[in-house]
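Residue numbering begins at 1 within each chain, and the chains themselves are lettered A, B and C in the order written.
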Amino acid sequence: MPVLLEPDRAPTLDRLLAETDTQGLQWRIEPAPDGRLPSVAGIGTLAHAGAAEISFLANPRYQSQLAATGAGAVIVTPEAAQALAQAGQPPSFARVVCSQPYFLYARIAQWFERASRPRRPAGVHPLAVVAPDAVVEDDASIGPHCVVESGAHIGRGTVLGPGCVVGQGCRVGPDGLLHARVTLYHGVRIGARAIVHSGAVLGADGFGFAPDPAGQGAWAKIPQLGGVVVGDDVEIGANTTIDRGALDDTRIGNGVKLDNQIMIAHNVQVGDHTAIAACVGVAGSTSIGARCTIGGAAMLSGHLVLADDVHVSGGTAITSSISRPGRYTGVYPYAEHGQWQRNAAVIQQLSQLRQRLRTLEKG
Amino acid sequence: MPVLLEPDRAPTLDRLLAETDTQGLQWRIEPAPDGRLPSVAGIGTLAHAGAAEISFLANPRYQSQLAATGAGAVIVTPEAAQALAQAGQPPSFARVVCSQPYFLYARIAQWFERASRPRRPAGVHPLAVVAPDAVVEDDASIGPHCVVESGAHIGRGTVLGPGCVVGQGCRVGPDGLLHARVTLYHGVRIGARAIVHSGAVLGADGFGFAPDPAGQGAWAKIPQLGGVVVGDDVEIGANTTIDRGALDDTRIGNGVKLDNQIMIAHNVQVGDHTAIAACVGVAGSTSIGARCTIGGAAMLSGHLVLADDVHVSGGTAITSSISRPGRYTGVYPYAEHGQWQRNAAVIQQLSQLRQRLRTLEKG
Amino acid sequence: MPVLLEPDRAPTLDRLLAETDTQGLQWRIEPAPDGRLPSVAGIGTLAHAGAAEISFLANPRYQSQLAATGAGAVIVTPEAAQALAQAGQPPSFARVVCSQPYFLYARIAQWFERASRPRRPAGVHPLAVVAPDAVVEDDASIGPHCVVESGAHIGRGTVLGPGCVVGQGCRVGPDGLLHARVTLYHGVRIGARAIVHSGAVLGADGFGFAPDPAGQGAWAKIPQLGGVVVGDDVEIGANTTIDRGALDDTRIGNGVKLDNQIMIAHNVQVGDHTAIAACVGVAGSTSIGARCTIGGAAMLSGHLVLADDVHVSGGTAITSSISRPGRYTGVYPYAEHGQWQRNAAVIQQLSQLRQRLRTLEKG
C-alpha cells in the first residue's frame, strides 16, 4: 500500500492503540517474542503488509495466511490468538487481540486517515469568491476557485475543496467535507458531517417536460421549483447527481450512503441508512424505505414505493412497488456467446412454447 | 416546498396571472367566498400547499384532494369548478378555471422561476479568463473562474455559470444558460436557448482505437477530428457526455431533451424533439429519429438506425435497427431472489427444452 | 466535417505524407490526371469529403463510393488502385496507395490533430495555484484555475487544462494530457503519455462501509487508505471515476483504454491493453485480465477474476469469474412491447414449465 507516514512519525503499537477511538471495543496487546512493540507506519493486508505495518485477520478462513505474513502486528480474535499460542512456534509479530478485528481495523484506519490526509487550512482562499452576505462559520475552509453565493451558509468545521460551487441560499454543515469540484445549485441543504465527492451535482433541474400545446412534437419545460434536502452523516460518491424536486424537495435521509455515478431523479425519497452502490438510477418520485441496499447498476422506475429493508441485487430493474422486505433479483444469466444465442432465440417464443405444452398436456 | 418569495414580494393572484405568459390558454378567476384574492408566494401540491400558495388539479382522479387542501388558490378545469359550485359548501380557496390546468401551472411556474432564480450580472467576472479574440456579446454573463478560449463566441444574453470552460472556436447562444462547471472542448457549437447542466462535457474524444499494427495487443488512437453540433432549444442534463465525431460531427437536433448522465458517443445523430431519460448510453454512429423517447438506463448499440417515433422502454438493450414506429422493450422481469434463481437456471436450457418439446410433439 | 486548417496552411499531398509518421507503412502517390497534387485542409468520409480533403477506402465493400466521391485524394489498397486503373475512365482524384489504408488514415489524422488542436503554452498560468513544494517540470503547462497540491510532480511536457486539481503527492507524466476539470485526489500516480478527459475523478474513496456495531442500521465508514496507480499510454474518458483502494492500490495496466462514464471501484485491477466501452461498472476487488474488451453498459460484480482475452458483450452482467478466453453475453432480447409482455410473463414460470415437460416425458 502507499506509504502513509514517514518513519519518524510512525507511532509505536501501544501509542497507536491509545490514540485510536476504541469505544465499545475491548483489546489487549501481546508483544512479539523479543518483547518489543513495532512502530506502525501503515496498514496492509496479511499478504502485503511489511514489518512497519499492522494487519488484521477477521475471517477464520484466512488463518493460514498468518504463517507467512510479514506484518509487524496483526489484529486477531481471541480464538486465533489461542490457536497461535498452541502452535509450536510463537509468531514473529505482535498481536492485538480483539473479538471484533474488522472494527478495530476500521478504527485504526480512521486514525491513519486523520494522520495522513491533506489538511485544509481554515479560512477563505484569496482566489475563492464568497458573496458578502454568505456566512462562513469558524474553522470552515473555503478552497481556491470556490464560489459561495448569496445567502449561503457554511457551517463550523466544514471544508470545501478546490473549485466547489455553493449556490444561493444553500446550507452545508457543520463538519461537512466537500471534495474538489462539487456543485450545489441554489437552495440545497446538507446536514452535519456529510462527505461529498468530486464531480457530484446536487440540485440540477429535474427532467420535467410536457408536450407543448403548440404541438409539432415540441416539449415545454416544467420549471423545477423544489429543492434538495440531505440529512446528517450522508456520503455521496463522485459524479453522482441528485436533482431538485419539481414542487416539493428531493430528500435523502440520515446516514444514507451513495456510491459513485448514481442518478437520483426529482422528488425521490431515500430512507435513513439506505446504501446504494454505483451506477444505480432512481427515476422520479420513487420512494425507497429505510435500511435498504441497492446493488450496482440496478434501476428503479418512477413513482414506486419500496418498503423498508428491501434488498435489490445488482443489475436488476425494479419496475413495480415492493411492499415486503426481502431480496429481489432480475438479471439475465450470462453464458458463452453461442450458447446465449441459442437460448435467447427461444425467449421470443416462450408464450407459444407454453401453449404447445398445454396442448400436449390436454392431449 | 421551499419558500420562493418573501411575503412582501408575493403578487396577488390577479397580478400573478396578468404577469404570466398565458398565450394560447383561456382562464378566469373565481374568488374565495370572502371575495378576497390571495397573495401567492409559491406553488405546491394539493397535499402540501399553504394559504400563500397556488396548486392545481390536472387529473380528475385527485378531485377528492380538493376538500382537504390548504392552498390559497387552485387551478381547476371548468368541470371541476362546476362540481365545486354544485357541492353544498363553497370552497375556501380561490379558483383559476382553465381547460388545461397543467399547462397553466407550467407557465405560472416559469413566472416563479424567473422571480426566484439567482440572477447573473451581465459582463465578465474579474476572475474569468477570456481570450482577447473571443467575442462576448452584449448582455452575456461570464461567471467567476470561467475560461473562454481563442475564437469562441458567446451570444447575446447567454449566461456561463461559475467554472465553465468554453474551448477554442466554440459558439454558444444566443440566450443560452450553461450552469456551473460545464465543459466544451474546442469547436463545439450550441444553438439558441440551450440549457446545459453542471458537469456536462461536450466534445471529448470519441472512443476510437484500432489494433496497433506493431501488435502485442496495443491500441492505436484514431484522432477524433469531427465536432459536436447542438440545435436550438436543447436541454442537456448534469454530467452527461457528448463525444465529438471521428470525421463528421456528432449532431443533436432541435428541441432535444437529454437527462443526466447520458452518454452520446461519436458520430451519433439525435433527431428533433427526441427525449432521452437518465443513464442511457448510445454507442457510436447510431442515428435516432425525431420525436423518439428513450427510457432511463436503456442502451443502444452502435451503427443502428432508429426510425422516427420509436419509444424504447427503460432498461432495454437495443441491439439492431428499428424501422417501424412503436414501443420496444426488453427487460428481465424481477422476482423474489429464490424464485429468480429457480427460473434463471432454466434459461440456460431453453434451446434443449424446445427440442424436447418437439420430440414429444412428434411422439 | 469541421474546417481543420485555413487554406493557406493546408499542405500539398506530398508534403502532408512527408510530414506524417508513416513508420511501418509503405505508400506511393498516384497524381490525378492533370498531374497536380491537391492541397489537403482536412480529412473526410468518401461521402462527404471535398476537393481540399483526403479520404480513404479501407473496406472493399465501399469500392462503389469511389465513383461519386468529391475528395481531392483517396487512400486506397493496391487492389483498389488496380481496379481504378483498369476502369475505363481515370479517377479525378489523386490516390495514395497503401496496403493498410485505415492505418495510414489514422497517422494522417494524427498529423491534422497536431496541426489543428489548441496549444497550451508552457508554464504556470497566473490564476493557477501551485504549492511551493510541488514540482512542475520543463515544458509542462498548468492552465488557469488549476490547483497542484503539496508534493505533487508534473512531468515534462505534461499539460493540465483549465480547472484541473492534482492532489497532494500525485505524480503525472511525462507527456501527459489532462483535459479541463480533471480531479486527482491525493497520492494518485499516472504514467507516461496518459490522456485523461474532462470530469474524470481518480482516487475518490472506495465505497467501504460496515454495519456499525452500535447498531440501528447505521454504517461505519472504512477509511480508504490505498491509492490509484495508472500505467503508461492509458486513456481515460470523460466523467469516468476510478476509486482509490481500501488498503492496496487500484491498478490500471499499460495501454488500457477506458471510455466515458466508466466506474472502476476500489481494489480493481485492469490488465494491460484491455479496452472498456462507456457506462461499464466494475465492482470492488475484481481483476480483469490483459487484452480483454468489455462492451458498453456491461457490469462486473465484485471479487471476480477474468482471464486474459475475455470479451464481454455490451449490456451483459458478469456475476461469476471467467477462466477461459472467449466471448460472453447475457442480454435480454428486445421485442415489440406487447410481444415482450407475453413472453416475459412466462419467464416467472420457467421452472414449473420444465417440471411439466418432465412429467409429460415420463408420461
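We take it that contacts are C-beta pairs under 8 Å (C-beta built on N, C-alpha and C of every residue); 3 or more make two chains touch, one makes a residue touch a chain.
Here the structure is a predicted model, which is why all the values come from computation and not from measurement.
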Pairwise touch network: line, ring, star, complete, or other: complete
Rotation angle (°) superposing Cα atoms of chain A on chain C, nearest 5: 120
Copies chain B and chain C touch via same or different residues, half shared test: different
Centroid spacing, where centroids are CA-atom means, of chain B and chain C in whole angstrom: 27
Residues of chain A whose C-beta touches two or more other chains: 127, 145, 163, 181, 199, 239, 261, 279, 331-333, 335, 345, 347, 349-350, 353, 357, 360
Sites on chain C touched by chain B in the complex: 1-2, 4, 24-25, 42-45, 48, 100, 102-103, 106, 109-110, 112-113, 116-118, 125, 127, 143-145, 161-163, 179-181, 195, 197-199, 233, 235, 237-239, 255, 257, 259-261, 272-273, 275, 277-279, 290-291, 296-297, 314-315, 331-337, 340-341, 344-345, 347-351, 353-354, 357, 360-361
Residue numbers on chain A that touch chain B, as the complex places them: 127, 129, 145, 147, 149-150, 163, 165, 167-168, 181, 183, 185-187, 199, 201, 204-205, 207, 209-210, 213-214, 216-223, 225-227, 239, 241, 243, 245, 247-249, 261, 263, 265, 279, 281, 283, 299, 301, 312-313, 316-319, 326-333, 335, 339, 342-343, 345-347, 349-350, 353, 356-357, 360
